[in-house]
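Beneath this line is the structure, given in C-alpha cells, with notes to follow.
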Amino acid sequence: MNDQSASIADRVTASAQALRHGPNTERTVFFSDAVFAIAMTLLVLDLRVELPSNPSVEEINEAIVEQMPAFAGFLLSFILVGVNWINHHRRFSGIARYDGRLQQLNLLFLFFIAFMPVPTSLLFVNAGSPWPVALYAFVVAAISLSLNLLWWYARRAELMDEKVSEALYRYSLHATVPVWGVFLLSIPFAFISTDIALYSWLLIIPVSIIFNRVQWRRFVSRETARFAAEDAAAAQAAG
Amino acid sequence: MNDQSASIADRVTASAQALRHGPNTERTVFFSDAVFAIAMTLLVLDLRVELPSNPSVEEINEAIVEQMPAFAGFLLSFILVGVNWINHHRRFSGIARYDGRLQQLNLLFLFFIAFMPVPTSLLFVNAGSPWPVALYAFVVAAISLSLNLLWWYARRAELMDEKVSEALYRYSLHATVPVWGVFLLSIPFAFISTDIALYSWLLIIPVSIIFNRVQWRRFVSRETARFAAEDAAAAQAAG
Amino acid sequence: MNDQSASIADRVTASAQALRHGPNTERTVFFSDAVFAIAMTLLVLDLRVELPSNPSVEEINEAIVEQMPAFAGFLLSFILVGVNWINHHRRFSGIARYDGRLQQLNLLFLFFIAFMPVPTSLLFVNAGSPWPVALYAFVVAAISLSLNLLWWYARRAELMDEKVSEALYRYSLHATVPVWGVFLLSIPFAFISTDIALYSWLLIIPVSIIFNRVQWRRFVSRETARFAAEDAAAAQAAG
Amino acid sequence: MNDQSASIADRVTASAQALRHGPNTERTVFFSDAVFAIAMTLLVLDLRVELPSNPSVEEINEAIVEQMPAFAGFLLSFILVGVNWINHHRRFSGIARYDGRLQQLNLLFLFFIAFMPVPTSLLFVNAGSPWPVALYAFVVAAISLSLNLLWWYARRAELMDEKVSEALYRYSLHATVPVWGVFLLSIPFAFISTDIALYSWLLIIPVSIIFNRVQWRRFVSRETARFAAEDAAAAQAAG
C-alpha cells in the first residue's frame, strides 16, 4: 500500500466521521441544561397540595403540614441535582470536543437526572419500606458514577481541553467519592433500618471535608512537582 | 519564600481554579432561562379544568367559572415571574464572570422560582387560611432578596462588568425594595385578615412610583458628581 | 445649560440604560424558545389515556377511541403554536436590539402561548357550550395580535435590523390578518352554534390564499418603486 | 425585460426572503433540543407511583413492583428518543442554512418526538390489545422517516454544508432503515400476536449489524472512487 492510497483511506475515514464528532460541545451542553432544568422543576409537582372542592381552614392547614415530608424530599433532591449541574458545568468546561460515545455517556448521565423525580416522590412517604431509600441512594450514586465514567472517557479519547492537567483530572474525578461512596454504602443499611440509612447520608459532610483535604494536598504536591520540573527544564534550556 | 516558588504556588492555584470559574456566564444564563420557562409554563397546570366524562353545557360553564380564582393566581404569578426574568436578564447583563459561589446563589434564586407553582396553587383556593397567603408573600420576597444577594456577591467578588458603576449597582440593588418590602410586611397582616394582606399588595404600585423617583434622583446626583469629577480631572490633566 | 453639562446628562442617561437594553436578542429568543417547547409538549399531557388497573382489551380500545377529540385538539394546537414559532423566529431575525418594553411585549405574547394548553383541553370535550370555543378563538387571536404589537413597537422604537424595509415590515405585519381575523369573527358565531364557529376556522385557508396574493402584489410594487428610485438617484449622481 | 429591471426583481425577491431563511440553524437546533429534553423528562411522569394516604410497607413494595412494565416502557422510549437526539445532532451538524420548509419538516419531526409519551404510557399496560403496540411502532417509524424527509429536503434545497459528500448523505439517509423497517413490519404482526410484535423489535440489533456493514462498504467504495478521481485530476492538472 503506497502513500497515495493510504491518504485516500484517511480521507474516507475523515469523511465518514464528519458528522459524528466536532470541535465544540455547545449543543450537548445546552441540551443537558434543559434536562436539568426540567428535572429540577418537575420535582415540584409532587408538592401539589390536593384539596377537597370547598376546603375549610383546618383542611388547608392540615394539607400544608402533610406536605412537609414531600417538601424535605424536594429540597434534598433540588440540592443534589443542583450540585450535579455545577459539576456537569465544571467537567464540560474542561471538555473541548465531542464524539458519539461521549454523547451516549452524557445521555446515560441524563437518564439518572431525569429519573430523580421518581425516587424523590417515594422517599419520605413511609420510612418503613427499605426500597424507596435504597432506590434513591442508588440513583444518586449512579448520577455521580456516570459523570465520572464520562470524565474518564473524555480523557482516554483525548477530548479534553489542554488546560486540564493530569492532576486536575484526578482531583475532579475523586471529588465526588464521598457522595457516591456514602450513598452506595447506605443501601444495605436500608434493609436493616431506613432511619440508619437516611441519617447516614449526613456523613457526606464530614467525610467530604476530610477526604477533600487529603485530595487537595495530593493535587498541590503533584502540580508543584510538575511546575518545578517545567521551570528546571526551562532553566536548563536557557542556561 | 523566593519569587520562583511563589510563582509555582500561583500556577497551582490557577490550575485548581481552571474549571471553577470562567469569563462568560452564557451557560448559567441559559440554564436559568430554562428554569424560568418551565416554572412559568407549569403554572398553567393548575388551570386544567376537571370535567365529568360526559359533561353538560352547564357543568362546563360552571367549571370554567370555578377556575377564575385559579386564573387570577396564574396571572399574578406569571407577571411576578416575568418581571423577575427581566430583572435576572438585566443583572446578568452586568455580570461578566462567574465562580462557584455565584452559581450556588443563582441556584438558590432558581429554587424559589421553581417553587412558585406551589404557593400559586394554594393562593386563591380559600382566603380563610392565612398560611397560603403568608407562604406566597414569603416566596415572592425570597426571590427578590436572593437576586439581591447574588448581585451584592457579584460586586464583592469582582465579577461585574466595568460598565456597572457604583451608582448603577446601588440603583439596581434598591429597585426591588418596594416589592419585597410590601410582601414581607403583609405576612403578619395575613394572620389578622387575609383580605387585608391580599389588598395590601396593591401598595407596591404607589410605593414603587414614589420610591423609584427618590432612588432615581440619588442615582442622577451620584453619576453627575462622578462625571463632573472625571471632566475636572481631564481638564486639569490637559490644562 | 452649556455643552459640558448636557454631555454629563447624556452620560448619566447612558449609564442608567446600561442594563436595560442591548445589542442582541439572543437570550430573549432562547427563553421564548423554551416557553414554546414546553407549551407544545405540555399539550400532550391531555392525551394521557386513563385506564382502570387491569384493563381488558375492549377497555383499552375504547379508551383510545375516546381520545380522538383530544387528539384533534392536540394536533390543531401543535400546528398553531408551531406556525407561531416560525413567525416569532422570522420577526426576531429582523429585530436587532432589545429594550425593556420589547421584553414586556414578548412576555405578553408568551403568556398566551403558555396558556394554550387550557383552551385546548376544553375545545373538543363538548361542542355544546360556546365558552370553550370562544376562549380558544380569543387566545389564538391574542397570540397573533400581541406578536404584531411587538413588531409594531420594534419599528417605532428603532430596534429593527436595517434589512427590514418599510414594505417588508408591512408585509409581515399583515401576514397574520386572516388568522386572527377569522378567529375573532368566529367568537360571536360560537354563541349561535359551536359547529358553525368550528367549521368557520377552515375559512383561514382560502382567505389566506387570496389575502396574501393581494399583499404580495402590494409588497412587490412598493419594493419595485423603491429600488427604481434608488437606481434613478444613483444614475443621476453618476451622470 | 432589460438587465436593470431584472436586477430590481431580484432585489425584491431577496427583500421578501430576508426573514424567511438564514445562514445558521442555531435557533432551530436549540428549540429542538428543548422539545427533546421535555419529551424525555415527561416520560418519567408515567412512573409516578400512586399510593394510598397512609401506605403500609407491603403496599409500597407492591406499588413499586407494579411499576416495572411502566419502567420498561420508560427505558425503551428514553433510549429511542436519545438515539434520535444523536441522529438529529449529526444531521444538523451537516445542515448549514435553513428555510421555511426545513423548519416545517423539523416541526413535523418534533411532533412525533413530543407525542412519544402517549404510546409509551400505553405500551406495557396490557399486551392483549394490538393498538398500543401498533401505535408505538408507527410513531417510532414516523420519527425516523420524518428525519429522513428533512435530510432529503435539505440536500434538494441546497441547505447542506459542503463537507457532506453525496456518499455521506446516502450513508446517513440509510442508517435508520433497520429501525423504521422493523417497526413498520411489526405493525401487522401486532394484530396476530402482540408478543410476536414486541419480540420482533429485537431484530433491529442483528439487522442493523448486517445492514450497516453493507452500507459501510458501499460508502467506502464510493468515497475511494471519488478521492481517486480527484487525485487523478490533480495529477493531470499538475503534469
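Chains: A, B, C and D, in written order; residue numbering restarts at 1 for each.
Convention: contacts are C-beta pairs under 8 Å (C-beta built on N, C-alpha and C of every residue); 3 or more make two chains touch, one makes a residue touch a chain.
These numbers were taken from a predicted model, which means no experiment stands behind them.
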- Could you pull out the chain whose C-alpha mean position is farthest off from that of chain C? A
- Item | Interface residue overlap between copies chain A and chain B, same or different (over half shared) | different
- Item | Rounded Å distance between chain A and chain C, as computed from the means of their C-alpha atoms | 39
- Message: Can you work out the whole-Å distance between the CA centroids of chain C and chain D?
- Response: 27
- Task: Indicate the residues of chain C shared as contacts by at least two other chains.
- Result: 30, 34, 37-38, 45
- Along chain C, where are the residues that touch chain D in the complex? 29-30, 33-34, 36-38, 40-41, 43-45, 47-49, 51, 54-57, 60-61, 64, 78, 82, 85-86, 89-91, 93-94, 163-165, 167-168, 171-172, 216, 219-220, 223-224, 227-228, 231
- Message: Under the stated contact criterion, what part of chain C meets chain B in this complex?
- Response: 4, 8-9, 11-12, 15-16, 18-20, 22, 27-28, 30-31, 34-35, 37-39, 42, 45, 100, 103-104, 107, 110-111, 114-115, 117-118, 121-122, 125-126, 128-129, 131-132, 135
